[in-house]
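Next come two complexes, and both contain chain A; in the first it sits with chain B, in the second with chain C.
Our next item is the complex of A and B:
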């Protein structure tokens, strides 16, 4: 039961926040995270088109053999992505709380430009309180 | 709990087989030359020139039938942005390939992505050592169907495709549709408890 990482992707597909917690996934450069976030943004859009029964949301959970990604798409187009181990069941509620922390510490910050990378100590400390080290 | 459709891709990245069960949005037939022969009769391209000859030469009951059909569905028409089958097959393959690369990059190991879920469907992937990819779309509440895909590979695929001398498996112009394979996959899927 571990949280490996958290990404926040803006509505254009650019990565605005990325943080690793527990070990378990490869260590990548920040450039590689940017590329992966853009890819995920595109994949999310395509998955809503492939539905066999009419309209569908984009992908919400993507599972692999040792981890899974849970994606929360907000009404404004921002995506919150949580990478966790397969056994983690609380990913969606954690993402809701991350969204609340984002609304409080980032959106209400008058010095923060929307859709730009997040550099906020308040947001970092709220995420620390929420996720901690990622191991539980 | 139901199963919508099954796609099989070979190692040349082409769709070689397609079957569906419960899709409510019918796939549009592929354009000529878009997909290989022998993928699925339901989505094979219609021969455009012969149908034009038919509509002019045939009598009015045939015409009004098709017209009625079109009128009934005109309410659906502008809203349904259904893709032709060959484009849809390429999109499915593209999504699977991109997700596979992303998962491999993220985990650092040679790891496979197994499935993803949206609000309306769940896509399961099983890849064999020979490069064949079995992709199944089901409803979102289904658990892992990888085992079922593996059963399809071990059973009907090996019996009616790999061991069939009349099916050219690694060709670049032919799919692998044949009646025995289609019937046995159908029987296997309909016999599952998750299928309603």
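Our next item is the complex of A and C:
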């Protein structure tokens, strides 16, 4: 029951925020995170076409052997990706709260340029309060 | 635009250039706005379905709306855009703070009038503060309550300088969502609130220079101090009235 990481991907597929919490996943370089986020963006777009039940907005949970990814796609095309252990049940509600924190600390910040990497103390401290500190 | 060519004596704390450039920021500067009542309103085109034109915001009873609140999120977005707009047109942090101060000044003039009108319109003996400390107390509670919904957290008097007083707000609602980048960390967006305080003091007859400073503490990382530096004339008058 642990949260391993949080990614925020903008509507063009670029990684704007990445943070690790508990240990459990391999440590990657920042470039590798950028590549993975772009790949996930592409895969997510493909899954919206592959849905067996007709119209779909894309994959929401991707499960692997030791972790799962929960993806929240917002109406504006921003993706919030939470990497957690398989047993974690609260991923969707955590993502909703992350979205709220994003709307408050990032969108209302006059010093943030939309779609650019997030460098905001306010957002960091709200994520700390929400998920807990970890290594950045 | 012609009526603003000569800065009014009340605007003595502002330089002429900031006033004329401030005009562009204020919607009331455009002469087209003054013809609002005759401008076609959406309501009149829907004429048949509504029982007459809806009263516009200027006709609302100012006393009945004293407890209405504005969405904090809507204001946060508006203020964020104000800061971004101003940032593109200034050369440095001091200039940015001065511009925000000017905007707050315009708001403060109206806040003072409305606040005094609402407080005294119902009483038989309207009271006006002529001594500085009661005026400062009324700013600390009434102005803050009228603008932010809660009184400010503390008032302090400076020990080194006779003419300096401070109002402290532990969590200014205006700055709640703003994260200033590291290279600009002397900027305080509460300069807007400082402008409001400056206008209220000017209106009450206590001219001063008011600025805002970040004073983070461990308990309140976003604590802001509004520093009021009174002019000499106020100190002399206070001495005489003692």
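The rule is simple: the second predicted complex is superposed on the first by the 132 of 136 C-alpha atoms of A that agree within 3 Å, B and C clash if a C-alpha of one lies under 4 Å from a C-alpha of the other, contacts with A are read in each partner's own complex, and residues count from 1 in each chain.
The definition used in the following text is that a residue touches a chain if its C-beta (ideal position, glycine included) is under 8 Å from a C-beta of that chain, and two chains touch if they have at least 3 such contacts.
Nothing here was measured: the structure is a model prediction, and the numbers come from that model.
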Once chain A of both complexes is superposed, is A:54 in touch with chain B (first), chain C (second), both, or neither?
first
For A:108, decide between first (touching chain B), second (touching chain C), both and neither.
second
Partner chain in contact with A:28 - chain B first, chain C second, else both or neither
first
Between chain B and chain C, whom does A:87 touch in the aligned arrangement: first, second, both, or neither?
neither
Between chain B and chain C, pick out the one touching the greater number of residues of chain A.
B
Have a look at where A:123 lands relative to chain B and chain C in the superposition and call it first, second, both or neither.
second
Provide the residue numbers of chain C that touch chain A in the complex, in ascending order.
73, 76-77, 79-84, 87, 177-181, 184, 189
Chain A residues touching chain C - in the complex, by the definition given at the top:
104-105, 107-112, 119-123
In their complex, what parts of chain B are in touch with chain A?
4-5, 20, 22-25, 83, 88, 91-92, 94-95, 98-99, 101-103, 105-109, 111-121, 123, 137
Considering only the defined contacts, which chain A positions touch chain B in the complex?
25-28, 32, 36, 39-40, 42-43, 46-67, 83
